[in-house]
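Both complexes below contain subunit A, partnered by subunit B and then by subunit C.
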Partner chain A sequence: MSTATNDVKPEVKMVSVTIEGRTTSVPEGTTIIEAAKTVGVLIPHYCYHPGLPVAGVCRMCLVDVEKFPKLAPACATTVMEGQVVSVHSEKAREARKGVLEFLLINHPLDCPVCDQSGECELQDYTFQEGRAESRYEEPKRFNPVEDFGGDVLYVPNRCILCTRCVRFMGDVVEEPVLNVSERGDRAFIGKAEGHDLTDAWAGNVVDLCPVGALLSKDFLNKARAWELDRSASICTGCSQGCNVTVETRDNTVVRLKPRSNTAVNHFYLCEQGRLDYRWINRRDRLDQPKVRVDGEWRTVDWEDALDAAAAALAGKRVTVLASPNCSNETLFLAERMIARQGGSGVFRVMLGAEAPLRGVEDLSLRAERAANATGARLLGYADLAQGAPIVNANDVLLVLDDVLEGELPTALTGMMSSGAIVVHVGTTLPAVLEGRAQVALPTTNHTEEEGTFTNLRGRVQRFLQARTAPGLARPSWYVMSDLVERLGAGEGRYMASAVFDQLAATHASFAGLSYATLALRGLPVIDAAERDVLAPTVAV
Partner chain B sequence: MAIRVKVLERPIEQVSYIRSTLSGLANTFRHMVDPHKVTMQYPEERWDLSPRWRGTHRMLTNETGKAKCVACGLCPTVCPANCIKLVPGEDEEGNRFPLIFEIDEFRCIFCGYCQEVCPEEAIHLGRHYENAEFSREAFVYDLERLTAQTHPVSELWDPADPKGE
Partner chain C sequence: MTYGPSSGQLVRPPEHHHDEPYVPVFTGARRDELDTILSRYPTKMAALLPALWMVQDTYGWVSEPAVEEVASVLDLTPAYVKGVLSFYTMYHQHPVGKHFVQVCTTTPCNVCGAEDVVKAFLEHTGCGELGVTSPDNRFTVIEVECLGACGFATPVMINNEFIESVTPERVARIVAEHD
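Entry: the complex of A and B
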């Protein structure tokens, strides 16, 4: 595995190179292609990927290095002191033009129907420096489309044999089911007999493929790349906290893509996280605040609903049943409420099988299938599996976006049947609360609001808004902030960042963090003594 | 009080209408026998349209009668009036095909960019001008309507032959 250039240790010797007239200093052993990135020069490449071993097969990254007799592949040549590299010299451009012409010999002209169109590196580089017209007159090679299993479809005609997928399956997933079969112009990506791309991480070959040869069946023919709106977010599939890009078309999430973060998920996203996005678009959302009057639901204004909720909560012990997918901000405000009113907070987390990505350290589909159970633990919430809190008949049960679907554990049904007043704050109104809750306040899900999650290593990461909220739904931290203010447990905050600042000022483990310092890569919570809280052993 | 109008005394040659009437009738009779006609006998007679006339759209079909469109999404992208709605999907054979293809002819500014950008030569502007409908909704042409049109399609401007000769 090659490491990214920004993980520099101080004792490493630095060398200075000049690339395209710009001089930079990079650690010894850096390749020219990575050194060029530091000065903002993108050297065209296909087979090179920072997360994979260097192969040097595509010959696209040929650059002109002073005093070298021949052009050098930038991905496989390490920099040397005083080297002068020219990426766009006449000689280098001519060579890359030739490479592109060869790649296009058998590449079909089907960009209009190709899913990769718009985010295709072959398209981009051909447009940038390729020939405008083809000189090839013979018939093109044809191979039928093959289903690679899992979510992957292989279109051999479009393949440029960069072998990124082969190296990913071999060196990162460590399950070498792909290979290059045949030779010359008959070569294609072959799959080992009887094996499919069913590994939990195999779907990454679709993102790695620079052209439209490996396609996601789920995304097939659904949208064009240029129609999508993209926002930075965090996957809520498990407690790993993989950085993702939420891609929406007409306010509907159509795809999740991994967002590179070398501290968390590198360049990858598992199948579970990638395909489990349809719930985000669900239509049966709670979209208006409702209050139960004489046993009947009545849709009311936000002010009236908040007053009703505050009246129900005032002066009573409160038990918060929080979803572990709530943001730190929301959980913090609920915790403020508990601190003021007395009571306790619990969360319920689904467990599943763990699926590590073997070639990458500390990257796995975690057993805990929720984004922010760690944040909940840090803020004093207890796991329901470790014992249910006692709920008295004159308490209030605040259900904070727990969907209450599936078979409910007895601890939970015990809490529900205690006779306590139920206030529901969430994205949907669960069927079990339909006849039970007193007030229902609609909130947005994590793609419709801003906030932070804490992953299982205690890294606090921001997510941004990607869609608009349905109906009158408000961000959950905003609703909680209004409630907290009405109950006299704190001042209302009107920015997610302000809530987070308050959280950082209140809880020692979040001290010193803010939205500005977190940026889009996140930062770990400071206290190493809280390791036990952060990574409890989960038996599955 | 009665309104008093000042009447000017003029010579009879100036106030008589007979001379003007006769001169008008003379003009009328001259045009009756003049072979150069200005009025066109619509609808029996129609205008000859320029080959590059840009009227309402038509979607061309392949040999099997299906629209040539592959839902590549270039026309809604290039459309400056945002009048094309396209939802891509797959047809029975698994090929890329528009599930919904609608053109709002009210919004359309007939620039012809959609025809120019189409890689499959599927969507065309039409060489016709009769578009009357009984409802506003009928001006949103769906795929069925677009493929059912039979009028000739407009030709693109050829830079090598700018005057169309």
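Entry: the complex of A and C
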């Protein structure tokens, strides 16, 4: 606590409060609900969300404040010096029990068929402090399910009218396409006909909804929340580097959810990042090492394949054609190879239209549709769009993952037709390399390995393994490590963290960083401020 | 989204006149009138209620295209306008009869026989049911809460006309006077 106090600028006055018997010191103006979080007390709430303006409509966060005649809503009451707050006093519990009973009056109690079940705050708090049995005997209100457009489905019967979705669209997206229609017990969340939730960031209303009223059509009836395994990861949709949770069921990615990080994406994730995950599960993967012998592909074991690749690379200049979705670790090891043998590295990044989330500073679906173009730049790789390197017939072309998809620019076709030996390290064998590569080494995609990406602001962020590797595929940094080792550099490292440590020791930008210090929130590279210019905003 | 009939609520009529082209309200003199209203408020958004009244005065109800028009003249989204429109029960979201009859049925009037006045209106206008427009499109009858004339039970409002001390016997004549 003392360190927290020291970090705060001197002009901020600190206020001492006691919540559930635990005393804390928070800046003046902090709400009780936020102050409670600092002492590990979660005050039940529905309409409150740290990313949205305070509405105070659900009455769920009522707490007992000493010397207050009435219970106070913790989301809309700021702390005062010496205040003593009781969250679980009998009076407060009784009030919240009453609120829950009202909220459940028109609720269909259809948890067994509801997608939100298992991650529903209405379910959780009712279990925690609601009545065990309903006293309501009258018929319940019924409204039909409505398609809100985009990826969103509205089930009005389950809605508790917390208005988080309305405030998100109004104050964060700044496109108020949702409203509270009618009033009193007839109220529901409405929209105007022909004006759907089509904004690039509208899908976040599904995450914001504390109950099962707003559902993802993509995830509808796909899995129960408690069957999912969750791993911290980074979205590869663009260079923003939004923190995500990869949710898998039986080793298949079924959903991506935003993971809160106030330094990057706050609580949000755009539609593109959210829904573009099916490629992760693709079955047509390269899952065995292959070597071409007399023009025919032969499936071989890893030792033979690595020997063949090392033999092809030994003593040659190497041109690395890298995907900007390769991790810093992989790109670093390839760069080591270039440093030893001569050559150069380029990456090819796809571009798309920018889509900012207007209500949040510096959060946007970026034009560069890859996770680690900045990392590649920091490690000395050049953008293919700025010109292709000259590849001699005597060189080796090392292709790192999926850079040869779609229509190839002339710069690339030139590189491919140079006559150089091609060694491919990637998750799939692209058609263009089918008859061209000499060795194909299968690697895992970013959900099957661990590593780091550097986002456009130079923030280095870790991603963890979420699924198992297909077949014999190995993490790309591991494959590169083996290759570097075989080429005699003695620089092979067999833990991702060790590769990163070596990277941090070699490159000034990454100095002082390690997996331990990055943790799951990431840290900016040491010269991030100057490096901003490395990630220009590309007008498309 | 629709609801069944409940007190004070209109019942969506079976026929809907959505196919007729919508004629904008805020043109010519009415546009000037709106501009005068706008000059009284700090923001355009603040003039939403008067703008909706102007639409209702013109067409008798506020249709979807009217919502779009109001939204565009006040720089709002249609959803926002709809939210406000649906909050207030005095704005009609469906067509109503030429004469909109509101009968007070709150406690004092109820004691003095307002229920029978309502029944008489439903019978004589041909509406048959609360919130339903008569087949000749002349009347719509609804119950309302206190009209503030408890001393003159039962008060009835037909459009902007206020009629006090209505008894079931007077209803036939009142209906006849409103063609």
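Observations, loosely collected:
Note that in this section the second predicted complex is superposed on the first by the 521 of 540 C-alpha atoms of A that agree within 3 Å, B and C clash if a C-alpha of one lies under 4 Å from a C-alpha of the other, contacts with A are read in each partner's own complex, and residues count from 1 in each chain.
Everything that follows uses one rule, which is that a contact is a pair of C-beta atoms (placed from the backbone, for glycine too) under 8 Å apart; a residue touches a chain by one contact, two chains touch by 3 or more.
Given the structure is predicted, the values throughout are model-derived calculations rather than measurements.
Model built by superposing both complexes on subunit A: subunit B and subunit C fit together without a clash.
Once chain A of one complex is fitted onto chain A of the other, the partner contacts of A:499 are absent, as it touches neither subunit B nor subunit C.
After overlaying the two complexes on the shared chain, residue contacts for A:202 are found with neither subunit B nor subunit C. Look at A:190: by the touch rule set out above, it reaches subunit C but stays clear of subunit B. Residue contacts after overlaying the shared chain place A:181 against subunit C, while subunit B stays out of touching range.
Of note, the Cα-centre angle with subunit A at its vertex and subunit B and subunit C at its ends comes out at 90 degrees, rounded to the nearest 10. When the two complexes are overlaid, the chain among subunit B and subunit C that reaches more residues of subunit A is C. Of the two partner chains placed by superposition, A:422 touches none, neither subunit B nor subunit C. Once the two complexes are laid over each other on the shared chain, residue contacts for A:144 go to subunit C alone; subunit B is not touched. By the document's definition of touching, of the two partners only subunit C reaches A:156; subunit B does not.
Of the two partner chains, neither subunit B nor subunit C is touched by A:215.
Minimum Cα-Cα distance between subunit B and subunit C in the superposed model: 19 Å. Of all residues in subunit A, only 111-113, 117, 220-224, 226-227 touch subunit B in the complex they form. Within the complex formed with subunit A, the subunit B residues making contact are 70-74, 77, 88-90, 95-96, 119-120.
On subunit C, the positions that touch subunit A within their shared complex are 1, 3, 6, 64, 67-68, 71, 76-84, 86-87.
By the touch criterion stated above, subunit A contacts subunit C in their complex at residues 143-144, 146, 156, 170, 175-183, 186, 188, 190-195.
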